[in-house]
């Protein structure tokens, strides 16, 4: 059994990790760390876990094989500064501290997108788990980037659920505001653009064009729907490019190319990413959907853990979708 | 023109008052008081008013004919303690300070339910505007109480929108929590029970039975749906009791008795209360719907203002419902 | 492996069965029967299953060990009339045909509420799966009924999600109507009252009082929130009655008694029922929550299948809740 | 008073017209035509109008000064073929029959976007009311087009509410499907592209570039949020272009340019369009919001009626927004 510790145990991604790991056949929970809630039952905070666990928050590691860092952005580095983690203990960081700056002391973090770095993840002790928007957008473009086919500006609108904004209640997550509401934030300036660019370049796209990304706040709790397009060389047909995508993801247990148009709830509460591709008017249009808390965060983190421990990648991740 | 001042101008009920009063044919806004936002455009806070007003928050009255108090419960009394309001200036309190304790210095507050106290409201300078749950439940029972017909325990479930919980974001108004969620709070113990009992007794029901009230939090922003029943004397037929209700409310411009079952959105964004009555198995069952911010708060407050200034009761209150 | 056939494969409960059974360790799908969709991939209809199964609808059984009937109410009887099902083949009917009329030819249907009939279910070949409202309400009252403690009228409001209304689009499931809307239907007259009364009487409550049940349509897709109360003998304390409940359900893997108030999403996408009990003003108040498609339908059906085949009751039912 | 007839009286846009016109100071309803509902009270179909009107559907005109055609697309032409409408009777068509093909017999239809054709609308008897998506997108681009500044491909994502899909319940408007769901439909191929192109060309943009338009289905009933961008000449500053927009719309009572970012509910249940403009990375980005049933349909139709009858353009259109 893998001894797992979760640091920052009261937040959304920690809760989601627990929902997965309590049923994972090769995991036992070493500790759920929250300095502010020591002694409190985990199910008092993650109320849906009532009846499923008697765990309590603690501030002490037992003997973890892997630590998931579920801290605010910037706080993972602090955590490593302040805690003496044995070198053999693996670390999976769900924050953004090491995605674009992979080096920390003698640890070098691998960007934890399995579909890009499967082999490297198998061999590392340190994973920087990708951001949620980044995951949905990179997966939409990866087969093209791997063939160096992104030449002209890429246009992206992606709409995210409220859990992407974290647990602390603020004005834009107030139900009275958010319900039936839509808004744009950080247009052309979202912090995930950097990791998207890095990943696509690393995948093989030499001179990456602009990625114009308009993030939108949606009126739903879970999921990201990304709509992505760029100019397309008319010499490559729709069936050829669809084949390229299917081939690229043929060994991925969580990415699927749908011939039919897709809608967000087809992936909610699963670790899947669905893609759909169409050509129109000299453009290639890709829609990409994930659950931001699963394939966009905790599910992907477990997928990485599985690889790091030599398990089948989808172990514990065949989740029943909610569908409705 | 009636010079109106709104105190506590940044909250939900103040915003709703402004939405109504900016289009009211006999009103001009004297001042929108908010000690924390002096100088800020009102439409920076109530964003939907952009393009409709250039008003700014202030901390100074000009010369109001009437002051609407939109303060937290308990703070209206403080306000009157600390401000020297001329006796001729009318006061409409949207808080609960004077509903059950109507006397303050030489001001005596009338309970501002037009359907109960229409004549008294016309003659007073001081109105305690009813609570939202109280409004929906009292209107469901008033025709019965006025005939002293409430003899056996009354059973009430009423579900409210998130705007009823106020503007400050908290855990139970976080979109991630509230969306698609239902919960019960303060069962048998809601603070409005007292004003419900007082109103029904005052209406003529001598020995009032228990009012068992289960408030529920709904996953919508606006509205209250109340479902109310009590044992019923089989000698009075359904058509007779429906007639009793229609007759009781025949002069009320905002209460209507529907022969068809009703659904909440039929009143959202209107100042209406709709009622529907059926007899079943020895019980009378009444459903009652209002918009909590309108008939349950700011709309009713304007209705009271109209009466206090000798205007037709529904002036400025023929609002286009949103329906969807 | 258990060979499973699902009849009526395109509806909501069939889809939910597939979501569960595709991951069930002891099941293989024999056939998904839909006369109208023969040859169509199952994931064309249940779109969220894309990437998870290559099954196609058929009209032919292979050799099922158990048939789940997911037909409209009244159609299960027709199905048995028209098909020659081997006696050893088990049947689990998700419709209401045999809940109150258990006899059909030489088959006698057991009411499939595990918490009431666990032993009988283990020994039968024929289960009538309870209705969704019935499940939530019976579980709220079962410990009291088993001790013959229901003496006075029981008052129930329960609010259900739109999936309870089935897949065919109608006016009251149109998004434009349903979103942010609440309504009551069939007050005092819902068809589940009969099975509720039968179950509580069978559990040991001799002279059952009236069950006053007001069903409500909620503006969410999944779940039932039931609020139930009845007069309570003041000689039994809150802690004693909570203990009674905890004891009654101590061996049930899917029913839990929470000391904290509960909210609907704590059970969504799980097979759990959560209960919370409080005493107030001479009443006992019980809130009860389930996912209508899981514990209220397909999850409970699999729970019954597990018992009928000698498996641990919760096999394949440790589902990751969606929580948000 | 203007005698108004509404043809196709049971649909969403007809209901919305009634909601507006019942409170319009210069209108009386001549007739609400529905061949399938003759004799039925209008409030039986538009339930929210209960208590506000005793009108019944009819199949006979009285003597209308103006007819609003609220028929399915393609049916307005049929209506004119089959009915002998006096030449002096004005016609406002809410369908798409005459937007791009303005000639019918001796009637010539003016494209009814007040902000483009204010003077022509004042003088015509025939208006083709713009489509909802078209309205939001044209208003976002009109000031640029009027100065011939659209030179490079325009990128548009716009998300619409479920009322845009009409009243007949279908799979994609089923609450169980639509709630918390997002999807794309008709990418690069929406039928409104033609009227958008026509309007922008007519406004003065000679060689119009491609308008790449991705329509999205949102999980809310009312509103359109459009996000629009195109490459921008860096010699024109953000403040200059904002000034250009403010100047263009300075006389429009329903279009406002916000210096702050906007969110959809700021316009729901109003006849307003709000715009917000930012420059980023060599692009101009415009967000545009309307209520699809008001500024996108029935509100704009009344705005046109006001102009056609010499009334102030916003008469009867100062609607209280719902805000929440």
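The chains carry the letters A, B, C and D, assigned in the order they are written, with residues numbered from 1 in each.
To be clear about the criterion, a contact is a pair of C-beta atoms (placed from the backbone, for glycine too) under 8 Å apart; a residue touches a chain by one contact, two chains touch by 3 or more.
Everything numeric here is computed off the predicted structure, so don't read it as measured data.
J.: Using just the Cα atoms, superpose chain C onto chain D and tell me the rotation angle to the nearest 5°.
T.: To map chain C onto chain D, rotate by about 180 degrees.
J.: Please name the chain that ends up farthest from chain D once chain centres are defined by their CA atoms averaged.
T.: Centroid comparison gives C as the farthest chain from chain D.
J.: Distance from the CA centroid of chain A to that of chain B, rounded to the nearest Å?
T.: Those two chain centres are 46 Å apart.
J.: Quick one: chain B and chain C, Cα centre-to-centre, how many Å?
T.: Chain centres of chain B and chain C, defined by C-alpha means, are spaced 39 Å apart.
J.: Measuring from the mean C-alpha position of chain B to the mean C-alpha position of chain D, what distance in angstrom results?
T.: The answer is 34 Å.
J.: If I count partner chains per residue in chain D, which residues reach a count of at least 2?
T.: Residues 12, 161-163, 176-177, 179-180, 219-222, 262-263, 265, 268, 324 of chain D each touch two or more of the other chains.
J.: Just say which it is for the chain contacts: an open line, a closed ring, a star, complete, or other.
T.: Chain contacts: complete, every pair touches.
J.: Can you tell me which positions in chain D touch chain A when the two form their complex?
T.: Listed in rising order, the residues are 155, 157, 159, 161, 176-177, 179-185, 187-189, 210, 212, 214, 216-223, 225, 227, 229, 261-265, 268, 278, 280-281, 283, 285, 287, 324.
J.: For the complex, which residues does chain C have touching chain A?
T.: Touching chain A from chain C are residues 12, 15-16, 19-20, 22-23, 44, 46-52, 161-163, 179-180, 221-222, 256, 258, 260, 262-263, 265-270, 272, 274, 293, 318-324.
J.: Given the complex with chain C, which residues does chain D contribute to the contact?
T.: Residues of chain D touching chain C: 12, 161-163, 167, 169-171, 173-180, 219-221.
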